[in-house]
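Chains: A, B and C, in written order; residue numbering restarts at 1 for each.
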Amino acid sequence: MRLSDIAAKLSAEVVGDGSIEITRIVHPADASGGGDLAVALSKDAAETLVGTRARAAVISANAARPAGLTVVAFGGHERVAVSILTRLFDPGPRYETGVHATAVVSPDAEIGAGVSIGPGSVVGPGSRIGAGTVVLSQATIGAAVTIGRDCVIHPGARLGDRVRLGDRVIIHFNTVIGSDGFSFIPVRNPDGTAGARDIPLRTHSLGTVVVGDDVEIGAGTTIDRATLRETRIGRGTKIDNQVQIGHNVTIGEACLICGMSGIAGSSVIGDRTIVASGVGITDHVTVGEDAVILAGAGVVSRVPAETTVSGSPAVRHELNVGRVMDIGRLRMLYPRVDDLKKRLEALEKAAKGG
Amino acid sequence: MRLSDIAAKLSAEVVGDGSIEITRIVHPADASGGGDLAVALSKDAAETLVGTRARAAVISANAARPAGLTVVAFGGHERVAVSILTRLFDPGPRYETGVHATAVVSPDAEIGAGVSIGPGSVVGPGSRIGAGTVVLSQATIGAAVTIGRDCVIHPGARLGDRVRLGDRVIIHFNTVIGSDGFSFIPVRNPDGTAGARDIPLRTHSLGTVVVGDDVEIGAGTTIDRATLRETRIGRGTKIDNQVQIGHNVTIGEACLICGMSGIAGSSVIGDRTIVASGVGITDHVTVGEDAVILAGAGVVSRVPAETTVSGSPAVRHELNVGRVMDIGRLRMLYPRVDDLKKRLEALEKAAKGG
Amino acid sequence: MRLSDIAAKLSAEVVGDGSIEITRIVHPADASGGGDLAVALSKDAAETLVGTRARAAVISANAARPAGLTVVAFGGHERVAVSILTRLFDPGPRYETGVHATAVVSPDAEIGAGVSIGPGSVVGPGSRIGAGTVVLSQATIGAAVTIGRDCVIHPGARLGDRVRLGDRVIIHFNTVIGSDGFSFIPVRNPDGTAGARDIPLRTHSLGTVVVGDDVEIGAGTTIDRATLRETRIGRGTKIDNQVQIGHNVTIGEACLICGMSGIAGSSVIGDRTIVASGVGITDHVTVGEDAVILAGAGVVSRVPAETTVSGSPAVRHELNVGRVMDIGRLRMLYPRVDDLKKRLEALEKAAKGG
C-alpha cells in the first residue's frame, strides 16, 4: 500500500515521499526493511528510528521530525492511529469459500452466498448462515441457529440450538454461546430448609441467546441460554476471553466486558458500561448505563448509571479508595488508642488521688 | 400435550378446559398463540394475560383466577413448577442413533445399544460407552474410558484416558475431564530454598477422574486427574461453567458448584455443600457437609459442616458481615479518635496548669 | 521394570530382592498385586503395607523398614521421588505416527519425521511441525505456525496463525494460543470523555505468541497474540488450567502460573516467579524475578524481585497479614473507643464541676 494512501486513511499528511510502498507496520525497534512503516507515536519514539533501515514512520504531529525519514504526522490520539493502521494490515484468517469436504452440513441448512464452512465444522438442521460469513474449522453450529452476514466463527466455537447472531459478529476460539443455564433447586436450601429430595432438581433451558450486530466475543467465553426467553448481548458490545455470562442476562450496547469476569443469572447491564477484568456481578442486579466496574470488584447490588465502583462488596470508587486507606492506617491507630488510654488512666488516677 | 396431562405432572388441578393441546410454555409477555401455556406463577403475573391470545396459564393456587383463561392452579414453589414444566417441553439436542460416518471409533471400543456417536467425534481404544448414551459432534473420548448409560456428551468435550462416568451424566460444550494435574517442584521454593535445578520438575498424573451418576458439568470446566488414585465427583453433584477442579480433589454428593469457582489439589468437599460463584478453595482443605461458601470467598482453612462462610480469607458469614461494617465505620472512627485526643490534651494541660 | 532399575533412577538402594518385576506404582492403600510398588514415603505409610499383597515399597530412608517387604530407601524429598516415579510409569497419550486419514493438512505444510497428526486435526498453510511432535485429535494448527520437536498438542487445542512453539512444549485440551488481543477504544472513556463514536473501535492483532522450550500449558487456558510484536512465554515456564494471558505480556523463564490467574496486557513477569491460583495482575505492571504472588491477590503496581505479596490491592505479605489481623481486631476497638469517650466525658464533667 502506498504511504500516501495510508496517510489518507489517517487523515494525516505525508512529509516526504508519499509514493513509498509499505508492506507492513512495525514497532520502531523492529524497523528493518524498506517496506516497513514504523509506528512511532509515543514520545521520543521517532528518534530511535534514525540510522535504522526504516524509511518511513507514523509520528505524532507534535513530535520533532527526524531527518532522513519520511513521516506521516498524525494529529490524533495514538490509539486511534493504531486501530486504523492495524485494520489496514490485518491479513485476517485464511479460508476458502464454500463447504469443505470434511464439513457436515445438514441438508436443510441455508448457506448464503460466499460463505465458507471449514474442515470438520458441523451445521445442524434448520440453521441459516448469512452471506459472506466464515465458519473456520471444527466449529459447531447447532440446530435452528441463525447467523447474520459477514460474521467470523473461529475454530472450536460452539453455538447451541436456536442461537441468533447479528451481522459482522466475531466469535473466537473455543467460545460457547447457548449452553444450558445453571439452575437447580438444592437438596437443602442455603437457609437450611429442605429443597429437592435426593439430588438437585434441574430447570431446563428452553430459551436462547441473541447477539446483536458488531459484537465480538473472545476465546474460551461461555454464555448460557435463557430459561424461557433470551439471554441478550447488545449491538457493538465487545467481550474478552474467559468471561461467563449466566442465563437470562441482558447486556446493553457498546459495552466492554474484560477477561475473566462473570455476570450471574438475570442481571442487566446498561449501554456503554465497562466491566474490567476479574469482576463478579451477582444475579438479579442492575448496572446502569455508562457505569465503570473496576478490576476485581464484587457487585452485589444496584450500580447507578455513570458511576464507577470498586472493591468487594463493590461501592463507589472514591469510597473504596477511602476504605483501603482507612485499613492501611489501622496499623497506626491501635497504638494511638493505646496511648490515649494510658494517658486517660493517668488523669483518672490523678483525679482520684487529688 | 393435553393441559390435563401437564396438570397431572404438576399434581395440580385444571380450572377450565383440560383438553386444550399445549405446544410450548412461555413467559406471560410472550403468550401469543392458542397452544401457549403461560408460566405466570409470580405475583400478579396472571393478570397480565387478560386480553392476550393465550388461553391457558399456570398460576399460583393462591392467586386470583383471571376470567376467560383456563388455569392450572399450582400449590407448590414456583421453582419446582418451572423445573417440571421445562423438563416436559425440552426438545433436547438433536442426534441420530449410530456412529456417524465421520466419527473415528477404535475397533476395540464397546458401543452399547442405541448409542449415538456424532460427526467428527473420536473414541479411543478400550473405551466402553453404555446403552442410550449420546456423544454429540466433535467430542473426544480417550483410551480406556468408561461411560455409563443415558449420558449426554456435548460437542467439544474432552474425556482423558481412563476417566469413568456413571449413568445419566451430562457434560457440556468444551469441558475437559481428566487433564493432567498441575504439580511441579519450582526452581526456587516459595520460602527461598532451592527446589528443582533448572526448570520446574514435573509430577505426572497416572490416576484418573471418577464421576458419579446424575452429575452435570457445565461448559468450559476443567477437572484434572489424580496423581495415583482418583479425583472424584460424587453422585448428583452439579457443576457450572468455567469451574476448575484440581488433581486428587474429592467432591461429595448432591453439591452445587457455581461458575468460575476453583478447588485446588487434594481438597475435600462434603455432601450437599453449595459453592457460589467466583469462590477459590485452596489445596488440602476440608469443607464439611451442608456448608455454604458465598460468592467470591477465598477459603484457606477448614470449613465446618453446616456453616456459611464468606470473605477472603473466608470466615463465618456473620463475622464477615461484621468486618465489612467495621471497615465502613472506620471513616467516622478516625475523627472520633482525633477529637478524643484533643479533649484529652486539653484536660492534661488544665491538670498541669492547675 | 526391575525394582533395582527403579532404585537406580532414584539413586537409592534396594533392601531385599532387587529382581522383582514392577508393573505399576500405587498408593499404599491400593497395593494389591505382586507387581505393585507402593509409594509410602510419608510418615508411617510403610507400616500400613504389612499384611497386604504388596511385596515392594519406596519408603523414606529414615523410616523403619517393615519386615517381609522389599523396600527402596529414598533419602531425598518425597515430591522428588514421586516426580521420578510417575515419569517412569506414565504411559503417555496413545497415538499412531503419521497423518490420520481424517486430518486436513495443508499441502505446503512441513511435517517432520515421526510426527503424528491425529483424527480431525487441521494444519494450515505454511506451518512447520518438528520431528517427533504429536498432534492428537481435533486440534487446530493455524497458518504459518512453527512447532518444535517432541511437543504434544492435546485434543481441542488451537494455535492461531504465526504462533511459534519451542521444543518439548505440552499444550493441553482446549487451550488457545494466539487469539486476538482485547484492545478497544470505548465509546465513552472511563474518565467520562468521548472515545470512539458509535461502537468501540478495534485494534487488530498483527503480532503473535512465542512459547519457549519445555513450556507446559494446562487445559482451557487462553493466550492472546501481541498487537505488533510477540506475547512471550519463557523457557521452562509451567501454566495451569484456565489462565488468561493478555496481549503483549512477557513471562520469564521457569515460572509457575497457577489456575484461574489472569495477567493483563503488556505486563512483564520475571524469571522463576510463582503466581498462585486466582490471581489478577493488571496491565502494564512489572513483577520482578523470584517473586511470589499468593492466591487471590490483585496486583495493581510493581512487585519487586524476591518479594511475596498478597491481598487486593496486593502488598507485601507480612503487611497484608497485619491488615487482616487489624481488621479482625476492629470488633474490639469500637467498644474500647466508646469506653474511652465515656471516661473522658466523666473527667471533663468533673473538671468543669470542680
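Criterion: a residue touches a chain if its C-beta (ideal position, glycine included) is under 8 Å from a C-beta of that chain, and two chains touch if they have at least 3 such contacts.
Note that the coordinates shown come from a computational prediction; the quantities given were computed from them, not determined experimentally.
Touching subunit B and subunit C at once are the following chains: A. Think of subunit A turning onto subunit C: fitted on CA atoms, that turn is 120 degrees, to the nearest 5. Of all residue numbers seen at the subunit A-subunit B contact, under half occur in both copies; the interface is built from largely non-matching residues. Centre-to-centre spacing of subunit A and subunit B amounts to 24 Å, using the average Cα coordinate of each chain. Looking at subunit C, one finds that residues 102, 120, 138, 156, 174, 220, 242, 260, 312, 327, 330, 333, 337, 340, 344, 347 touch two or more other chains. Residues 24-27, 30, 39, 77, 79-80, 82-83, 86-87, 89-91, 93-94, 100, 102, 118-120, 137-138, 154-156, 172-174, 214, 216, 218-220, 235-236, 238, 240-242, 253-254, 256, 258-260, 272, 274, 277-278, 290, 292, 295-296, 306, 308, 312, 324, 327-328, 330-331, 333-334, 337, 340-341, 344, 347-348, 351 of subunit C touch subunit B in their complex.
Taken in their complex, subunit A has these residues touching subunit B: 102, 104, 120, 122, 124-125, 138, 140, 142-143, 156, 158, 160-161, 174, 176, 179-180, 182, 184-188, 190, 192, 198-206, 220-222, 224, 227-229, 242, 244, 246, 260, 262, 264, 280, 282, 298, 300, 312-313, 322-323, 326-327, 329-330, 333, 336-337, 340, 343-344, 347, 350.
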